[in-house]
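A short worksheet on the structure shown next.
We call the chains A, B, C and D, going by the order they appear; numbering starts again at 1 in every chain.
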Amino acid sequence: MAVQVAVCGPGRCSAAEWRRAQETGRLLALRSAVVLCGGYGGVMAAVAAGARSAGGVVVGVLSAADRSGAGPDLTVALPTGLGQARNHVIVNAADAVIVVGGSWGTLSELALAMRRGRVPVVQLGGWTVRDEQGRPPGGVLHARDPREAVAMTGLWP
Amino acid sequence: MAVQVAVCGPGRCSAAEWRRAQETGRLLALRSAVVLCGGYGGVMAAVAAGARSAGGVVVGVLSAADRSGAGPDLTVALPTGLGQARNHVIVNAADAVIVVGGSWGTLSELALAMRRGRVPVVQLGGWTVRDEQGRPPGGVLHARDPREAVAMTGLWP
Amino acid sequence: MAVQVAVCGPGRCSAAEWRRAQETGRLLALRSAVVLCGGYGGVMAAVAAGARSAGGVVVGVLSAADRSGAGPDLTVALPTGLGQARNHVIVNAADAVIVVGGSWGTLSELALAMRRGRVPVVQLGGWTVRDEQGRPPGGVLHARDPREAVAMTGLWP
Amino acid sequence: MAVQVAVCGPGRCSAAEWRRAQETGRLLALRSAVVLCGGYGGVMAAVAAGARSAGGVVVGVLSAADRSGAGPDLTVALPTGLGQARNHVIVNAADAVIVVGGSWGTLSELALAMRRGRVPVVQLGGWTVRDEQGRPPGGVLHARDPREAVAMTGLWP
């Protein structure tokens, strides 16, 4: 079975984040990874567009109970009807998680991925977290660009 | 986006059920439908095998938190970690639901699909339901073979 | 911790079903059981009314994302936002499941409870299930009245 | 129906966090709020102990499929079998969310509560979040002690 990588990010994003997410999707599809995402706009749409441009398979795990609002580049759109509980499904189903940009929903996916703790979690920009001592809690990998993010997953040694 | 059809059935099945599920998967893939299933053995494995034999895309929505036990013919395996709550996801994400064979888990999927009520639900054999007056509650379609089941979804008029 | 019993049934019910559900709730509360239900009308409201009349604790596990439509007799209303996936939560959290009346949603709860398989499942009227040979699949207990239903849970020997 | 307040925090905590969580639970129960929590140890057990000491109702929404590991002071323990997707249920069911201490799981609850966006979210110590410009994303309230945290929910004006 193919490797599966979740790419998480906000439903609205800057042009720079769009390019990063799109390139990340493209690089993952070139490596034959299945891309998992939230299935809507912004970073989710960008990563789907990138993966599709390279002939990849993209699964959008939607929060809503129907497919309205789903992006145009998804291979499969799964309307879970679970609300934001679907964030857990996205990161739980992945062999690695890449986070592009920041929002509360995105942060919940980053935190759920770290809570799960079994797979690499790589951040490309976005929000940061500090513990009680003002230090990063540790464990999140930080990449400078999509190529480095994909490499940091460790899935293609 | 492609049409999506859920095929539900028990994790252990008879040889006749295996053939029916496999043929159903094959016919759906030939029509370019994405097949959704529970991702494990029995009917789930048979429908995946059939869809794959025709070059189709099959998504296994797993109850467990990891991919152990997932069938070999899935394009994507989504370990949801939701237990049997994943049955809701499978039927909620489908444009039509086909049920092959019977078990309590299978019946929960049939009932959740009928409770949702927006898409055709077709049974190929399996368990039956009677209301307080001993009559079928109505709404479930009954097919004699995979070809009729696929036709009864109404997705390919 | 108190014993927890789920009482499942349709959101619309007959007067006879209302009385059965209410009496079931009352009997459970008298035995200090926490009552779990779906939290809306019909059988769910009746069992909550009965439990409350005897000073019991009733938890309504709601499908919606907010409390609108929740019945007036719940001690706690949990809007899960999970849709019908919440049916899994209701029966999974119970030490016994009592089903009053029939509907597709109710049948999904009966089936999920039987699929789980660790606790007694008692039916008070409602729909029935037949396997491929026309026989009841076995395992569901059938009670004639609320008192017998509560006794059949085996929680108060 | 009673007001419902979720209190979130790590399963292991310092003595100072225990005292804060316990006092928060006590103050909420004195105001007749139902307390929702994750149902296990650390901050979850402390808030349950505090609420129970004041005669309050505490619901533990467990991630696991059974009640093993549930704290001793819960009025109701709901084993959801949803894994960390239950974090969404906890914060979605609350009229206000109070966060004590920090961990990845706790951060996911904070983020899910902020993503939901309809109710006050108050932090008592714990981890902090910075956006791309190094600023707090805004919206989270910060309290110095349990009394202030409870007041900041705005539920008892």
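Methods note: contacts are C-beta pairs under 8 Å (C-beta built on N, C-alpha and C of every residue); 3 or more make two chains touch, one makes a residue touch a chain.
Given the structure is predicted, the values throughout are model-derived calculations rather than measurements.
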Next item on the list: Could you see whether B-D or B-C has the larger number of C-beta contact pairs?
Entry: B-C
Item checked: Type of subunit A:subunit D copy interface by residue overlap (half), same or different -> same
Next item on the list: Averaging only over C-alpha atoms, locate the centres of subunit B and subunit C and give their separation in whole Å.
Entry: 27
Next item on the list: Please work out the Cα centroid separation of subunit B and subunit D, and write it as a whole number of Å.
Entry: 39
Notebook entry, point to check: Which residues of subunit A are in contact with two or more other chains?
Noted result: 65, 81-85, 88-89, 92
Check: Mapping chain-to-chain touches, which pattern fits: line, ring, star, complete or other?
Finding: complete
Checklist line | Residue ranges of subunit A in contact with subunit C within the complex | finding: 65, 81-85
Check: Within the complex, which stretch of subunit C touches subunit B?
Finding: 82-85, 87-89, 92, 102-105, 107-108, 111-112, 114-117, 125-132, 137
Next item on the list: Within their complex, state which residues of subunit D touch subunit C.
Entry: 1-2, 4, 34, 36, 57, 59, 61, 65, 67, 70, 72, 74-82, 88-89, 92-93
